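Presented below are the structures under discussion, each in the form of structure tokens.
What follows is subunit A paired twice: with subunit B in the first complex and subunit C in the second.
Up next is the complex of A and B:
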């Protein structure tokens, strides 16, 4: 081995260092981009999942409140293609001496700016009780416009973010929740179910 | 670079492997091992992420199917109880209104992809305690036609059959389509999931609580 050759290269040349740094920079940039995109996708997915869970929970609450009611006490009676965003009903507590004992009048609907879904008991009376179950209800149901037509093909015209329609003893409940994230993007989730009044 | 160390370097007789050299980098074996470990770690991580996504999709499909089955049963509760069998069997000739006007035993579920074998792309099916029976219809000449009967002696453990359906405390082989007071129902939904064929089964018992004359 020639010792002189050994002395020839004690380290990296500036070109080598620059190329290495450029390559490392490129790899790091790509890696950062991938991680950022994965983080964004994860955040989106989690936000959608949270909204879906919320919609399912609220829909279950509404459905279970209505399922125990008497179909004849439901007011107003609205059939497709019309719908209502507010429903009053009563629950039968049983029979005493041949007479049906009715529970306090209950109501489910929208209040405030139309984004709050509430459940109320004795609404408008002294013993009024109001509980807001959700405050992210959309103005209109997903895909619907206020134009007198059925834009989203669900057989209802101009239905709001919460809508009820009656068919015999069955009530179909439709609901769209909307949430706007920090970047101004809105996310919508729509759920629907049908329940038949048991009493 | 430490020149003195290089001076001490000796080579093996074959001139292949340097001996006595302090290693300044990684050997190819070390690199392969490191890369293998990285690859295994990455594949475990990928599999974990993929299985989470798969589980989420499966949960979504299950929720849609369960809700569809529940809604169908709610719709059945909304019908006249005595007409349920005629409405939800697959014989269009006994439909309460005109033939072919009843919903029948198959139904559509939005957001679930039908299997290749799904009739008419309908993923849901209603099962009732039914038996297809050949009966003679006396006309100008005797004709044998197939009828769907509600039968108490149908064997179907899932539906709790055989059992008394008309409340006379007897399990017989007659048709009880006109006098059943309880009706076991099984709703089955079969669909092509993102990760293969899937199904969901719901069994319930419907009865008539309306007072009769």
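Up next is the complex of A and C:
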């Protein structure tokens, strides 16, 4: 019960307070920086993951659309080092009275400014159906330049963001998706697969 | 006391605010963590679903492959069932086979893994036995007259050449009597095979360059059906101008061509004619430059002496003459012809005159040679017949590729199946009633009738004949002619052959 002692313990000197505030400020600044960096990394990671996820899904859709086609109905027939960004094909609907029934002509390609990947049925006809599967296709495939050479070493010259090339009954599909963030940085994801036409 | 109280009260307020701040911080962090986790979980689930969907697709595809292999081996194509599917890796599949018209079968395969399900279907045309590789075949006794010349060649290597090393095949399910004379020696450049209970009888000047063999089993003549067409009318061609049957499908009750008149058949076409007659001096041209001409005669065929038949090409598979009479009948091939084609008449006695020279193959109920006939077996047909024995894929399609809503994360739980009770794909092939005749390791003929699961395929050294559920099994590389040769080789007792022994197994 010493009042003098109690008084001494009740506050801080201005120096103590300033030091404490500086330390707190420092810690908060560091903390903010760490959180911001983590947030950025997370945002980047999520954006890349979303793009990869989207690329994988779109590639699956393209592959499953083509796999049931007749290799002989695929148009145009382009073999490496050349490639095409548009493919027309027909898929089998079964057999009736001894004849194979082929579905309506389908098409997969790029449209608009070349960034939209679409699937179409009866394209150019009255009963045309167009569905855009993706709108982030890159202008050129990752690492490729429009210079007449194979810049990215995939044995194709000047392939666009979506490319098809045929080898026998197999079609190789390559695709690069690109997304530009708020800060103007672009993020690219490239996927490829080869499907064998079953008919 | 007041100060103390005040001091104590201040301490209490301070401690409370720290707790609130701490709680708020924890709440914010927890909220952030939950959001991130939820998002990560959503992405992960989506990716897992995509992977499962692919796996299900490949499982269903594997099911189709297994079923197709089964059909190649002459089985039904059924693999497991929805109640007892086949297990493969983390998933399962079953294949349902449905018989369609014209030797076709539809296979529907369902693959399931994780939550995903894929259904694929194919239509397969089963292998058919054509006998076209049998050369010149007669179900009844065959009598080969003096002066007959029978040899082989291979049109894939060029035009007919009498010095070709390819041999002919002369086969009957009964006896074969071959006779020749000094004036008219008979020459058979190839093998002669009689039926199991008969033999090849040779008399006089006869030269056979190949072997004279006895078949272990009668050949089963394949059944074929005449295409259904709409009949237009009967046509009697009696005009100096050729009558041209354009490519397409045509059905006629009667078609007769009078003297100095010409009938031109253009391929690709299918013609079904009840009665076909060529008068002496009449002409029938088969223009196969555009495609195959399949001519079905359902009642009578009479190509009279003095008439002419021509084929535009030398490919025997382009001119097919089928005689499909309901009951045993007669077909006369007495025209002047160098006929490059295939004649198949399973219910008919076919008379071939010396003027009707065949380059291809002839199969009939009975083959009667009128005079010194010349027949040339085209070996290209052996490869073609082999190809036709194999099933062919006609259509492939994706029926379903989905993630149906389910509370279970694997198909075994959702379908209430015990993983340990399910069979592997090969074992899940449908068990069928097998009726088989085969040669065992000692060359003895053996038979087995019963469930296929009870048959040890290792016992069967050479398959002679087999039916599954009453249907004749057509297996690629099961050339009866070769089987005859194999048996004969074994009888000759060549030692040290076992290292090259071929066993046919069930797949």
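We take it that the second predicted complex is superposed on the first by the 189 of 199 C-alpha atoms of A that agree within 3 Å, B and C clash if a C-alpha of one lies under 4 Å from a C-alpha of the other, contacts with A are read in each partner's own complex, and residues count from 1 in each chain.
Note that in this section a residue touches a chain if its C-beta (ideal position, glycine included) is under 8 Å from a C-beta of that chain, and two chains touch if they have at least 3 such contacts.
Not measured: the values here are computed from a predicted model.
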item	value
First (subunit B), second (subunit C), both or neither touched by A:56	both
Per-residue contact with subunit A, leading partner among subunit C and subunit B	C
First (subunit B), second (subunit C), both or neither touched by A:130	neither
Subunit B versus subunit C as contact partner of A:33, first or second or both or neither	neither
Touched partner set for A:195, first subunit B, second subunit C, both or neither	first
Touched partner set for A:170, first subunit B, second subunit C, both or neither	first
Touching partner for A:100 - first (subunit B), second (subunit C), both, neither	second
Overlapping contact positions on subunit A, where the subunit C interface meets the subunit B interface	3, 6, 10, 49, 56
Parts of subunit B lying in touch with subunit A, wherever the complex brings them together	1, 3, 6-7, 9, 56, 63, 67, 70-71, 74-75, 77-78
Subunit A partner contacts - residues on subunit C that touch it in the complex	3, 7, 36, 39, 43, 46-47, 50, 53-54, 57, 100-102, 104, 106, 121, 123, 393-398, 401
Subunit C-facing residues of subunit A, complex	3, 6, 10, 42, 46, 49-50, 53, 56-57, 60, 64, 67-68, 91-95, 97-98, 100-101, 198-199
Residue ranges of subunit A in contact with subunit B within the complex	1, 3, 6-7, 9-10, 45, 49, 56, 167-170, 193-196
